[in-house]
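Here subunit A shows up in two complexes: once beside subunit B, once beside subunit C.
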Partner chain A sequence: MSEPTGVIHDIGYQRYTGPRLGRRHVFGALYLHGLRTAFGLGRSAKAKIFPWLVLGIVTVVAAGVTAVRSQIGEVVMTYAQFADNMSWLVIFFVAVVAPELVSRDLHSGVLPLYFSRPLPRGDYALAKLAALGSALWLLLGAPQLVMFLGAAFTTTDGMSGVWNELLDLLPGLVYAALWAVVFASVGLLIASLTGKRAFAAGGIVAVFLMTAPIVGILSIMPSRTVNELAMLGSPTALVHAVGRYTLGDLLIPGGQTEDQIGGFGPVYVAAAVLLVAGCVALLLMRYRKVAAR
Partner chain B sequence: MLPTLVGVTLIATESLTKTYGGGVTALADLTVAVEPGIVGLVGANGAGKSTLIKILLGLLTPTSGRVRVLGLDPTTDSAAVRARVGYMPEHDALPPDLTAAELVTHLGRISGLPRTVARERASEALRHVGLYEERYRPVGGYSTGMKQRVKLAQALVHDPDLLLLDEPTNGLDPVGRDAMLALVHRIGTEFGISVLVCSHLLGEVERICDTLVAIDGGRLLRADRISAMTSVTDVLAVEVSEGTDELAARLAALQLPVRRDGRLLLVELADDHTYDLILGAVAELDLPLHRLDQRRHRVAELFAAREPSHV
Partner chain C sequence: MSTVSWITARGLFGRRRFLLLFPLPAVLVLLAVLSRALGVDPGEWGPPVLVGLGLAVVLPVVALIVGTGVLGAEIDDGTVVHILTKPLPRWQIVLPKLAVATGVTAVTVAVPLYVAGVLAHSVRLGLALAAAATLGALAYSALFLALSLLTRRPVLLGLVYVLIWEGLLGNFVSGTKVLSIQQYVIALADRIAPTGLLETTVSVPVAAIMTALVSVGFTVLAVDRLRSFSVAGETS
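What follows is the complex of A and B.
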């Protein structure tokens, strides 16, 4: 079948001869898209409710803590403690956002559209991981910034007071990053296993909350060594133990760090690194398989 | 049948074989070369069409054999191949809560287009496939035909040199099928983009293709240009109420290739002179002529196993 040639059409197809951006830009586009998705931006109003509700709660808590401190002068929680105290919210945030980032793509079958483009398989997973990690870090870091600003403007020690606050804030932000990395890698791995968002959310909550009793049981075993290693039992406790070891009295004022983890600080750090590395490796393997389908 | 590299070869495979883990052979020793244009890839479900497409995209590694797409090797240079290829998958592939405009723009950026260019080209691509105001509505509310159009638009957004369309008419009603085929034909002829259309319906793709590749059970049945296939298939069907054998003998004596098909005699049509020869033969033998008409063989008959005789 051939149609007459030479027919005049109103606006023809335009070939594209402009620049095609490289891998870094593509990664950046996918990362930004993921970060926006995490907070429901560019999505329906329904998708915005939960992320902004959580963000609202942590900000209000931070504002309250700041207000109490400036009025009464009592430090309710340090920057680092803030992340610990918000861990429940972080778990629920991961349980909602991680499936939103990866399970939805699995379910809708959009992945072939990604992997038929010049996007390396691993880049997809890493961009999503970076987006979730950044979202978590913002969730924990932004309220700390609120606390810092409150403290900085009400300090009575002038510039040195601000400087001291900053020195307290920075480890808090690093600790928030640790929370973000551990929770993002574990949560995203679980979510990437299923296209059903409800299952993924349930799985994430289960892994983070159901492992808590393990720590409880291990910590009352009649062996000091087992007790001191008990916090390897759950990701939440693991992060906390690393915090105890590295931050010391920024996290536990009064310094009873040695009581719970003994001399096993480096073991906890190594365990955290292994956990993250293992989850990322499994995530990359998972997407190597998905892409070929 | 090694590809003679005259002009540009669009897709070339050489002894391409793909065996899956369970010992299932999806492609067996497939050697084929096609030139730019609209290529129809036909075969029954499970013939290996989707496997071939995934190898062309570099998503699957062949067990053995070689493959080249647009002069590039997708097994080693998959990113370069994918930058120049657009792929429309067979199954549902659209997240329901994004609008068509957002989705196609986003995928354009994943193909490496700068932000503003991606947005412009996304609305252009959607316009070319016939989606206008609808593109600002979430895809979840679209009809099957509209979804197929969005899938086609996302394959076009980055201006590829080759489109791989896996069953583009799947799930469409007859009107939708015709519209989709017309669109594919337009892309292949007016846009200057080569197209590989997969289908299990031969009658559908033969209408729009320049070249047909038929595979079955992972093996090549036939690959040729449509013009070559149809030019030899124009035949005259002659029916006389008696003396069919005498006529057949007479026509054979006149050097006309003739064969029996039930009560019919099929004569290959070389030119208008063939008519005169047949009419002359019928008149000389004084046979009652029932009918004499030209048949344009559908390409389907070329692949039919029930035709052992040469055509």
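What follows is the complex of A and C.
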């Protein structure tokens, strides 16, 4: 028997000895990455086409509304109404962004890599949800800011005019946040069910569009209670109903708020909270177990 | 039934997620039955169910999912190479796939529309809606099949067409209705069974010619694109 001749060389591998940032930083990094993904930042030009198309359209609309108001003095839509009028674009934006955020990770099977970090399962889902929600809020909020700046610089009442505009703007931004939360939670839940971006996008649009006519049908049923509860039928209408109840005049100028939802305002608020809570709970459940591939 | 259409049909039906398509027509029938049972005036529930739900949402969305699925899924998986390397003329690949997409879409959409049409007005309206929806399925399928060869993101581009062009602009800019398959379908259905339920501004000859043009044109385009198709990797 010859002596073993092999030697184990020390080729200088070193352990990482620097600070370990931990859970909060992982969450923050994932959130920031998600937000950048939503607008295609840091990615190729192709990934930017659709998000910026939507962003461009809403900005152009806001600029147009501002121009009409400053030139002719006619208020085409209030800040809160802006979100309502852009609902189709919001749906499209969710259909573009939500699959990018979660379906890609499912498709390429990288989730085990994420979960081998100090990152609890829930955090992954919540970070993605927060990113989508923030992106939606920016999508709806930025044009309102454009409208506000236009109105503030053309106001004739000095500072009090600007202050009044600001008081109108803030509920509009809160309403945009409501839109963002509801649409993000529903959209992300649907997208997280499939690894195919195409199917996820189709599914999101199908759910949001299919539910809209249900409201139309329920609101012509021969029962006043059913009519007043009709807006529970779709997420879009649900958000609108909550807005009607809480914002009133700002959403529907001219005071026609009392019909349509009757005395069911609190029911709508509760339904919206339940919808968001349910979707988030299902989303967390979805990520309790993920396949490696 | 050629092998290509057989493969395509199996690719569509063999996955569980295809079952997710069926709630869409089911909602349509359910709403129609519900409205009829409760005795709501058809003049009131007809337009939102038949046009607002059936022709404006169910038909394009089903056509979009199926039409981009027949070829787009294979391009995504990379398995399209197996078909492309067979000694088949390109039209023998595109036409069976188009036929399957049209057939599946037409059956999924026309049957519930027929039921809803019968409940809303008469058997004639039901048949008219089913026939028009079948023509619409052909036009939409040709469009979305061609889209899946023109771009790597066919579903999103198709959604731009359905949501922004037909949905958003169709409401504000009436000129775009001349270039909207949805309006052709409405015009054709209204011509076959004139009722007060369907309304459009597009004339019937324009609708018929444009439907034929869209179907044939995009099919020819798809065959042409497949002729010089390059298999690329995943988009970023």
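Convention: the second predicted complex is superposed on the first by the 276 of 293 C-alpha atoms of A that agree within 3 Å, B and C clash if a C-alpha of one lies under 4 Å from a C-alpha of the other, contacts with A are read in each partner's own complex, and residues count from 1 in each chain.
We adopt the following convention: contacts are C-beta pairs under 8 Å (C-beta built on N, C-alpha and C of every residue); 3 or more make two chains touch, one makes a residue touch a chain.
The model shown is predicted, which means the values in this text are computed figures rather than measured ones.
Could you tell me if A:Leu113 is touching subunit B, subunit C, both of them or neither one (first, second, both, neither)?
The first partner, subunit B, only.
Applying the document's definition of touch, where does A:Gly73 land relative to subunit B and subunit C: first, second, both, or neither?
Neither partner.
Considering only the touch criterion stated at the top, classify A:His33 as touching first (subunit B), second (subunit C), both, or neither.
first
Go through the superposed model and pick first if A:Gly158 touches only subunit B, second if only subunit C, both, or neither.
neither
In the superposed arrangement, which partner chain does A:Gly18 touch: subunit B (first), subunit C (second), both, or neither?
first
In the superposed arrangement, which partner chain does A:Phe50 touch: subunit B (first), subunit C (second), both, or neither?
second
Would you sort A:Ile91 into first (subunit B), second (subunit C), both or neither based on which partner it touches?
The second partner, subunit C, only.
Just to be sure I read the superposition right, which of the two partners does A:Gly263 touch: subunit B = first, subunit C = second, or both, or neither?
Neither partner.
Taking the stated contact definition, name every residue in subunit A that is touched by subunit B in one complex and by subunit C in the other, in rising order.
Residues 43-44, 47 of subunit A touch both subunit B and subunit C.
Taking the complex as given, what residues does subunit A use to touch subunit B?
1-3, 5, 9, 12-16, 18-23, 25-26, 29-30, 33, 42-44, 47, 104-105, 108-110, 112-120, 291-292
In the complex of these two chains, what residues of subunit C are touching subunit A?
17, 20, 23-24, 27, 31, 34-35, 38-40, 44-45, 48-49, 52-53, 57-58, 61, 64-65, 68-69, 72-73, 76, 152-156, 159-160, 162-164, 167-168, 235-236
Okay, in this complex, where on subunit A does subunit C touch?
Those residues of subunit A that touch subunit C are 43-44, 46-47, 50, 53, 57, 88-89, 91-92, 95-96, 194, 196-199, 201-203, 205-206, 209-210, 212-214, 216-217, 220-222.
Can you list the residues on subunit B that touch subunit A in the complex?
54, 57, 59-60, 79-80, 82-83, 85-87, 89, 91-98, 102, 106-107, 109-115, 117, 121, 124, 128, 138, 154, 158-159, 164, 185, 187, 189-192, 207-208
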